[in-house]
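Have a look at this one before I ask anything.
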Amino acid sequence: MTKVVSMQAAIAAHVRDGDTVVIEGFTHLINFAAGHEIIRQGRKNLTLCRLTPDLIYDQMIAAGCAKKLVFSWAGNPGAGSLHAFRRAVEKGTPPLEIEEYSHFGMVARMSAGAARLPFWVMRNYMGTDLPVANPRIRTVTCPYTGEVLATVPALNPDVTIIAAQRADQNGNAQVWGLLGVQKEAAFASKRVIVVVEELVDESVIRADPNRTLIPGMIVDAVVVEPWGCHPSYAQGHYDRDNDFYVAWEDISRDPAKLEQYLKDYVYGVKDRAEYLAKNPGLTDRLKAKAQVCAGVNYGF
Amino acid sequence: MTKVVSMQAAIAAHVRDGDTVVIEGFTHLINFAAGHEIIRQGRKNLTLCRLTPDLIYDQMIAAGCAKKLVFSWAGNPGAGSLHAFRRAVEKGTPPLEIEEYSHFGMVARMSAGAARLPFWVMRNYMGTDLPVANPRIRTVTCPYTGEVLATVPALNPDVTIIAAQRADQNGNAQVWGLLGVQKEAAFASKRVIVVVEELVDESVIRADPNRTLIPGMIVDAVVVEPWGCHPSYAQGHYDRDNDFYVAWEDISRDPAKLEQYLKDYVYGVKDRAEYLAKNPGLTDRLKAKAQVCAGVNYGF
Amino acid sequence: MMAAVAARELQNGEVVFVGIGLPNLACNLARALQAPELVLIYESGAVGAVPERLPVSIGDPSLVTGSLMVCSMADVFQLFLQNGKIEVGFLGGAQVDRYGNINTTVIGNYQKPKVRLPGSGGAAEIAVHAQRVLIISRLNPRAFPAELDFLTSPGQRCKGQSRRALGMPGAGPVKVITDKGILESDPVSGEMVLTAIYPGVTVEDVKANVGWDLRVRDQLDLVTAPSFVELDLLRHKLDPQKLYLG
Amino acid sequence: MMAAVAARELQNGEVVFVGIGLPNLACNLARALQAPELVLIYESGAVGAVPERLPVSIGDPSLVTGSLMVCSMADVFQLFLQNGKIEVGFLGGAQVDRYGNINTTVIGNYQKPKVRLPGSGGAAEIAVHAQRVLIISRLNPRAFPAELDFLTSPGQRCKGQSRRALGMPGAGPVKVITDKGILESDPVSGEMVLTAIYPGVTVEDVKANVGWDLRVRDQLDLVTAPSFVELDLLRHKLDPQKLYLG
């Protein structure tokens, strides 16, 4: 039985007001299409978690979806700030709770969640103000050496949205290029939506099982959404739209411009196809060149 | 500068009397050639660690290399017992200390070693006699929930020997098929020897970086040893020699037969090439059929 | 017979942690019959395996070729097993006690064993985490003693404590499939109770092979003998070399 | 200038954890000159990257194509960084104090910040674990205050305690490379001491831009100006669009 549904149906079924939501992807494979659909469906009071909130959470904060942000680096790399995030934290418009870790801390929280352990151990944070700002960063004593080590609590989201280059209809998903913390986030989550550039036959997955990052058994919905990560990217499919990341500095700095952006590109389109139609030339400009590796022998 | 050396040179340089040694590989990619060379060079007082001691550690125990065995399952799967191991434990001939975990416990010990943490946390062992038999299995209390969880101590071997299908001359090694606990064992270790079926140009590695399991920066020596894993196997190169695993039941049950086996196939040959010459027909019988997967696009 | 009976326990689409030998036969029989979408996971890291030959070991290359996913053993134990994703686990053992506790470690004293067995492997954690565990073991008095020599894998009660009190997530061993009958764990006491016998077997036959005073359910089921289809698949397709079938 | 000076700190074959911006320029300059076998690791998971364009972010696709290895971020932080495999880490920050402690979190009060900065990212753990850390920061009084508003990444002494006492494995920040001179940590006190100045810069220039009473080494080195080769590479090959060069 196929799990393939439209983005509208996947978000309607699996993302609820008040949920703890993870849209992961470290620079690579950040699924903007899902974030836009959550905005369009008017979800409220979400606890948004991610290492790098990136532009998509900046948009969701501006659109009023977020009650709380759990993160480790909130900037626009190489381009500036996430101004909607900054307005929320600096001026309270709109109000936003924050819970802050380092990257390693966020990765560790998801690793604990994925392993269904209540915490994860690391050597970190000594001497810093991070445990002062966030009392959920604690310590544990090693039962062998007596050493005191840092801990972070498990993160177990209600729903995690992961982008992948390809999956079969059961959600067995393959990813190459940067892997980020997607596997851990998906296994930590109660529900998982996989959004793919390409739906493939199960035989394609089975031909190269070492590439599978997410097994279908943990996936609730598969959405086929080519170019769903723009302005983020999908290795082998399309490049990162660095120009848009630079442009965001200007857009997000001005609440009116940001509002106009949402009107034009989120509320003003009904799905990703319409979004692409509103960005003429985009696919020609960013389409990936071919650099295909050789296969390996799985025979015996 | 190349790290490629002969098996003799690699073992002479990196495996010393009294060392804690790991030859990993879960059924797949167990490097018998390295074990045989350790026997030939007469290493003593080794602490041998592995999830499944398998035939190679049975041979090393019989040859008098081992002072201690750290393990989680000591049998000959589907075929019977490791009789040299059993004689050592049941009759003390030769004497052998043991330290015993479950598979998850051994994996966790190597994960801790690889992360340079003194211990690893798991939900396990409650109600069993394993922590009674092995007081290094302890507990820790979660700083968030108060739950008591099991711990195992880190394992940091002196030397780990890993087999891979291919590597470049710096030891950047790629593996497909079963991955076992090789990555964790290698990162946990002070020294690493990588033994490969095929030495390839660095460009082959760089063409498909997601396949790299072990980075060259942690590798001390690269040994090129085709068929080095027989009677274990290398996916895409040759099949497991199940007949030999069955035959081992009979060989290892009789100390005289085992001694004769070592004389003929270990002491009686100077290297893997001579071992293969003593097993005519082997390579024809076990050579893998071709079942090559398609490549993926790394372009942008 | 045991393989056929075990196979009937598996439902289509379930996620099964497969051990070697009879469990492997049972799973592949179930796939060929009522459960074509059974997801087989091996502790070696093969997920969704479709072995085209009967694998001799749980790390056989035929488990990798054509599987859905291959992952590290750290992932197998943390992300699949400890995470609670395994619905059914199979265990066997040299000794099984009245609560389904299993010994696969030693016969005799741990420090000076009479017979050294292989040890836990993944059994201890399968017993803790699988949503339910099926034990497969031939019935004889040595294999079903009143007291284990060593407790390797936890059953329904360990040394007087319940699974819940000990913090074990899975339901533990719910059935013991033997070559004479089936025992099931009592939901209250956790004790293994005889609930079904094979054709031609008497309750006394079973009791004579168990080292404790075995409880017997009032209404005993009669196990249906393997069908022609089951036997044909087992004997001619799944284990033609009789590696595991007696 | 800072990129060129930072590049000179890198030795051939070293394993460097690369941040975005100037550290990335410095590493690629070093690769083009004295350190062709520098191993660049990005926290995004690219190991041994050979970017054919100047990556705008540390997750740029050009870091993946042709790299030696791509791994998960859990592996980056546990197997590479916490394992001690990173020889050099680069850090920058809005505020750097006398012990090389860094603030990248907030200006003002944490609960009600005047300026909310991005936060730690991987900086806190790089500061703990890299074998040595190089700080790159333009010199001005706001960036080098007597007191940090928030301590994100630990330097040589945190709140009166040494790195050793706090259990940090790496040597921490050993140099602060600025646009006027270089500070180095005193091996005993851990304090950052001015040890070299750029051509045309006076000690008073430097001191006027530092919020504490900066110690100055008796024998000050003069930093060699960027060579024609260095400048040419930076301006025409590595950053032709002047993304990071002023």
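Which chain is which? They are A, B, C and D, in the order written, and residues in each are numbered from 1.
The rule is simple: a contact is a pair of C-beta atoms (placed from the backbone, for glycine too) under 8 Å apart; a residue touches a chain by one contact, two chains touch by 3 or more.
The shown structure was predicted, so the numbers you read here are calculated from the model rather than taken from an experiment.
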Subject >> Contact distance in steps, from chain B to chain D >> reply: 1
**OP:** Could you see whether B-C or A-C has the larger number of C-beta contact pairs?
**Re:** B-C
Original post:
What whole-Å value do you get for the distance between chain B and chain C if each is reduced to the mean of its CA atoms?
Top reply: 28
Original post:
In angstrom, rounded to a whole number, how far apart do the mean CA points of chain A and chain C lie?
Top reply: 40
**OP:** Compute the distance, rounded to whole Å, between the mean C-alpha positions of chain A and chain B.
**Re:** 37
**OP:** Report the inter-chain centroid distance for chain C and chain D in whole angstrom, where each centroid is the mean of the CA atoms.
**Re:** 56
Original post:
Residues of chain D that touch two or more other chains: which are they?
Top reply: 46, 61, 64-65, 70-71, 78, 82, 169
Subject >> Where chain B touches two or more other chains at once, by residue number >> reply: 116-117, 122-123, 147, 176-177, 179, 183, 207, 210, 233, 235, 239-240, 288, 291, 298-300
**OP:** Determine which chains touch and list them pairwise.
**Re:** A-B, A-C, A-D, B-C, B-D
Original post:
Mind pulling up the chain A residues that touch chain D in the complex?
Top reply: 26-28, 51-52, 71-75, 77-79, 81, 85-86, 89-90, 100-104, 107-108, 111, 122-130, 133, 147-148, 176-181, 183-184, 233, 235, 239-240, 242, 245, 288, 291
Subject >> Residues of chain B touching chain A in the complex >> reply: 116-123, 136, 138-145, 147, 149, 151, 153, 165, 176-177, 179, 204, 207-208, 210-211, 233, 235-240, 288-300
Original post:
Across the complex, what residues on chain B touch chain D?
Top reply: 114-117, 172, 183, 187, 202, 205-207, 209-210, 212, 215-218, 298-300
Original post:
What residues on chain D touch chain A, complex-wise?
Top reply: 20-21, 43-46, 56-61, 63-65, 70-74, 77-78, 81-82, 101, 105, 110, 113-125, 128-129, 150-154, 158-159, 161, 163, 166-169, 243
**OP:** Could you please specify the touching residues of chain C with respect to chain A in the complex?
**Re:** 15, 39, 46-48, 50, 61-62, 64-71, 75, 78-79, 82-85, 169
